[in-house]
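Paired with subunit B in one complex and with subunit C in the other, subunit A is shared by the two complexes that follow.
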Partner chain A sequence: MSIRSHMLLVAGAVAGVLALAPASAQDAVKIGLILPMTGGQASTGKQIDNAVKLYMQQNGDTVAGRKIEIILKDDAAVPDNTKRLAQELIVNDKVSFIAGFGVTPAALAAAPLATQAKIPEIVMAAGTSIITERSPYIVRTSFTLAQSSTIIGDWAAKNGIKKVATLTSDFAPGNDALTFFKQHFTAGGGEIVEEVKVPLQNPDFAPFLQRMKDSKPDAVFVFVPAGQGGNFMKQYSERGLDKAGIKVIGPGDVMDDDLLAGMGDAALGTVTAHLYSAAHPSAANKEFVAAYKKAFNSRPGFMAVGGYDGIRLIYEALKKTGGKTDGDALIEAMKGMKWESPRGPISIDPETRDIVQNIYIRKVEKVDGELYNVEFATFEAVKDSGKTKK
Partner chain B sequence: MSALPDISSHAIARARWRKSEFVFWILVLACAFLFPSRYLIMTDILRLALFALSLDLILGYAGIVSLGHAAFFGVGAYSAGLLALHGIITEPVLALVASGLVAMVLGFLTSFLVIRGVDLTRLMVTLGIALLLEALGERFSNITGGTDGLQGIEMAPILGLFPFDMFGKTGFFYSLIVLFLMFLLARRVVNSPFGLSLRAIKNNPLRASAIGVPVNRRLIAIYTLAAFYAGIAGALFTQTTALASLDVFAFEKSADLMLVLVLGGTGYLYGGLIGAVVFKMLQEFFSTITPQYWLFWIGLVLVVIVLVGRERLHRWALWLPNLVIRQLAGRKAVVTVPESEAP
Partner chain C sequence: MTTLFTILFDGVAYGMLLFVLACGLAVTLGLMNFVNLAHGAFAMAGGYVCAVLVNQSGWPFFAALPLAFMVSALIGVALERALYRHLYARSHLDQVLFSVGLVFMSVAAVDYIMGSSRIFIKLPAALEGQFDFFGVGIGRYRLMIIVICGLLTVALQLILAKTRFGSRLRAAVDDPRAAIGLGINVPQVFAFTFAFGCGLAGLGGALSAEILGLDPYFPLKFMIYFLIVVTVGGSSSITGPFLASLLLGIGDVAGKYYVPKLGPFVIYTIMIVILIWRPNGLFGRTAAR
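Up next is the complex of A and B:
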């Protein structure tokens, strides 16, 4: 039978690939970066990967006398891939950090591994509140949906918006966004007239948008993950919701800077609450945006900032421990750390290991012929209310 | 030569274990000790192999094409996850069998739809069933956890003795034993008179029914059995990763499975196993080199393999080993590919 010949070939290939031992300098600090580089969330992965590269270009690849080595892996935002990759990075590559995590299920899948291996897990993107509660080794540099959703809820109630229809992606962060928005908006006297959850993968917004239009709200509260905002706005204007005078509000994910420039004038006037705008008027941000544009020929979004601050956190923690990679010491070093990020002043909450940051209310306007989220109100040092309530 | 004893002796000869098969399984076992740091990917391969074995049973032996085999995989995965999560059956082996049975019931019920059509209809029907289940999983997210998947699954030790460990050692040997037992069963089935009648159906359903083979009943039986296999593969997935999310129903899962069989060949049981190894190795190899563009390279390799054909590829790849053998032994090449193996 052909089994024998098959076997010869396969055995050779197996031995070759499995034995591909990662060869590298012994004293390097390895960081396993697990991101969705393919599939629906690929834009998140790309931004974070870019930002990490940029930071390392700017700050060198040596910290406290030790070389930093990034091992990038693609999990396509599928949690079982994430788990396997994290496990292999920890066991085989002996990484000192696992970082990245494009979506919540991926971050959660890796959490038990971080605990077992006592290795810091730096969450650079996923934004559900519960993530940092799943392991004492998780530190987050992105955001939580509660942070921005509560604030936009309060803002909407105070600014003459009475009736809101909601459209959120049906997974943990979307549900977080909806819950916190609803809580704050209805407490302020607002009314939810229509509640729609759309599937996360390949959503078609059109039928939902028609329902929203029919319920005649003052505004639509939208949460879709980074990367889907462009598609949403396209269908929003195709269905004529902008002409019907229905505004878009929400956490800033839908107005991701990455896609904003291509959304067209339908996006004008959209008010969102978020952690970062590429138009943030600070010297640190101007420098960051210019460097990012120069290196990658595109505008950085909030995912890029999450990655940029994430790698910075790793660098600073290593400086504090003098290059030691003991997990507990690194986590201790990260707790309470403060710095000036492109998004503004941020810090790591020593109790929850979650990020504390300013949340800005922004309106989409044209600046030099391009669409930007222009900030007009600031809420300082916002903690994750998803946890402080407990 | 009378026909009857010839057929039975032929069948018995086919069913006999060959030396190469022993070598194959010894090699598989050897991998466990050669690459102790790669248990996870090897477990991944074993699961895929079992899943592919399931498709091979219906595609390679009964000629039923399916683009929705992930349906049974997913049902098995969620059954195992829910059983463990709610503490209904905590012992993994029992839960594994139970999950397989759940998938089997679904397989039995849907088999009536599948046997009604021919190839193209079958593709559509199976695809539809998988999509249907995925949508149901999405709709009843209070049970399935939706896109987030089932959270907080904790697996009890196997037989109360072997806890699952972080390095995946237990998971690997568990999967290996399950795969081997399931393989033995499959081997027994396809070499039985039942298996022979399936081949007859595959070759010509009309003629098969003319000589008295109950075509539909046989097809229902093998489809149900294949669903059981896929369910076991799915349950194995949940048990070894402690995860179950809607991805288990994804179309890509069913499509990948087809690719695995295209790579490995159908109708001799080892095709799924070998295909799974090749497929995962390609994936691992390319995604290590280029995490961003590995899909492109995989696609390219698949196209090349199909264009060139497995047979010719083998001849090229085996040219060098054959040359060496010829030089050393001074005789004709021993490593060849029989032409009759094309699926």
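Up next is the complex of A and C:
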């Protein structure tokens, strides 16, 4: 065989690959899933990844005749990584969606890329209000802190809680939670007697809790990111705040289903407002919880639900566009979409592309020997009240 | 006034905990002149051993604590014999790179085996809660930490100052060649000391899970605290790190209580001021070394 025929062979092979490439790109829809799979927020990433896998097991990996391919990337919740990974996914892998985003800074870092590339960014976890305003291509399936914080503020003011001390983590979602709670609680006649912002990386809550105790409030309003709630509750009871009659209230992040079982009886009686509890009494949820437990041997939390609904939104949007991946068409398809999620009925607000959902007031109780957030009041179809543009 | 005592009490407990966690590092760094940034990994190992024994095998907490010490010490011996001893004579940079590599491996390994979420150790009911002592709120768990760590400190000081092993160790550190000449088995002394330091870290890790939280990132998160304790205290004795731990513990807790806005900076401010005043730490040797 001469060199020439070798060259021909190579050329033929290259041509063949080139001819194949567009064809395979045509039938697989790629979704870039950017999540913190390592680092302090890794539990968020794992829950969402699990939920996405579960949904695809249950509903198949083909939609409108096109195969769905998930490309999972780990950003360790560092926004610089998020941006780089999003860029690689868009430019090299030619993804049609970017999704995930464990923390607010990560979701914001990817926003300009979504705008430039005109591809939908599905936020499955991060909860600061401003996120959806940063790009017309952002749709959120998780929650905003304004949703739960305003509700618990109203509820506290109406239910005999007069003085509240607040303890919030000093970063964007914490500040959101504090602002909206304060607004609604003081408007309802409540008084904030002590306000402490704790550093995000905080090993020991003891001194802050002592300050709370000394200000003698009726309740402590708490927001710490998923993962730190356990430490907080342990030290809260160690310091005897529960015996001093100080209740814990807050958005439900502190009482994440993921951590609740490990918190011990100190958590009993805590009242939080949140979008999801694994104990939500609906058929859809029972099925979801059972399937999730069976597949991953752990209880799904609100992060898992955000991921589950996020992938569902992508599936439904693709069905509506008939498998076309034009960004604008997909966003149009998502606007106003309504469905029954494990958390209850939800929809995508056509104006803000943010989620509209029920917020439940729940109390931690023992059900069959395990701790659960048991829902006892429902505020229906709550929109995000934290948008700057109305 | 009573609040002041509660703060002081919490600060002392926090400081004692830092001391047990970091004193092994003071030994390796100060006495053996080896920079072991992977010290926190041994603490984490102890914490997880204790958690698995108590939560999954149903051991009583107090029985699991010595085992946390033992397991960390054994891991310490194994690694010292297999890896660390080859680096004693190398430059500090090599030691830093090597031990940081170990930290990352330990983080990934624990994440893989135990999962990334924070875990807690189920405590006996007797250790939970707080009791009132003339109006001062005393946390039971923190009181236990102070007692255990206080006893350990006294024991350590006695071992170093009064026992034959203590004098061998000091001799081996001061002049290894002369020590060998006198028939002291220097590598063995070092190996034993290293293992003991690791064991202490393991015990510290088990004790700290309740207060600092235990997850696979423990060695990275607290590396800086260990280093602060050793640099502020000076690494030539264990009295230095002990006082430094107490100072930092009380400073940190009091700072967070009285000026919560500046809370996290207090510990670093103390460190900078002390290092400007005494560049070798509170009890450091002067540059003669």
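Throughout what follows, the second predicted complex is superposed on the first by the 359 of 390 C-alpha atoms of A that agree within 3 Å, B and C clash if a C-alpha of one lies under 4 Å from a C-alpha of the other, contacts with A are read in each partner's own complex, and residues count from 1 in each chain.
One rule holds for everything that comes next: a residue touches a chain if its C-beta (ideal position, glycine included) is under 8 Å from a C-beta of that chain, and two chains touch if they have at least 3 such contacts.
Only a predicted model underlies this, so the values are computations on that prediction, with no experimental measurement involved.
> Which one hits more subunit A residues, subunit B or subunit C?
B
> Based on the superposed arrangement, let me know which partner A:207 touches: subunit B (first), subunit C (second), both, or neither?
Second partner only, subunit C.
> Looking at A:316 after the superposition, I want to know if it touches subunit B, subunit C, both of them or none. Which is it: first, second, both, neither?
Once the two structures are laid over each other on A, A:316 reaches no partner at all.
> Please work out whether A:61 is in contact with subunit B alone, subunit C alone, both, or neither, and reply first, second, both or neither.
Neither partner.
> If we overlay the two complexes on their shared chain A, which of subunit B and subunit C does A:365 touch? Say first, second, both or neither.
In the superposition, A:365 touches no partner, neither subunit B nor subunit C.
> Kindly classify A:231 by the partners it touches after superposition: subunit B alone (first), subunit C alone (second), both, or neither?
Second partner only.
> Which of the two partners, first being subunit B and second being subunit C, lies in contact with A:172: first, second, both, or neither?
Touch status of A:172: first partner only.
> Per the contact definition in the header, classify A:117: touching subunit B only (first), subunit C only (second), both, or neither.
Touch partner of A:117: subunit B, not subunit C.
> Touching A:73, do we find subunit B (first), subunit C (second), both, or neither?
A:73: touches subunit B, not subunit C.
> Using the superposition on chain A described above, determine whether A:88 touches subunit B (first), subunit C (second), both, or neither.
first
> Which positions of subunit A sit in both the subunit B and the subunit C interface?
The overlap between the subunit B and subunit C interfaces on subunit A comprises residues 38, 46, 199, 201.
> For a test of understanding, state which residues of subunit A touch subunit B in their complex under the given definition.
Its residues touching subunit B are 1-11, 13-15, 17-20, 35, 37-38, 46, 49, 72-74, 78-80, 83-84, 87-88, 91-92, 104-105, 108-109, 112-113, 116-117, 170-172, 199-201.
> Using the touch rule from the top, collect the residues of subunit B that touch subunit A in their complex.
These residues of subunit B touch subunit A: 18, 20-21, 23-24, 27, 31, 34-35, 37-38, 40-42, 44, 138, 141, 146-149, 151, 166-168, 237, 241-243, 245-247, 264-265, 268, 270, 274, 277-278, 281, 284-285, 287-288, 291-292, 294-295, 314, 317-318, 321, 335-338, 341.
> Would you pull the subunit A residues touching subunit C in the complex into a rising list?
Subunit A reaches subunit C through residues 38-40, 42-43, 46, 196-199, 201-204, 206-208, 210-211, 214, 227-228, 230-231, 234-235, 237-240, 243, 258-259, 262-264.
> How about subunit C: which of its residues touch subunit A in the complex?
Where subunit C meets subunit A, its residues are 3, 6-7, 10, 14, 108, 111, 115-120, 122, 128-130, 137, 139-141, 210-213, 215, 217, 221-222, 252-257, 260-261, 263-264.
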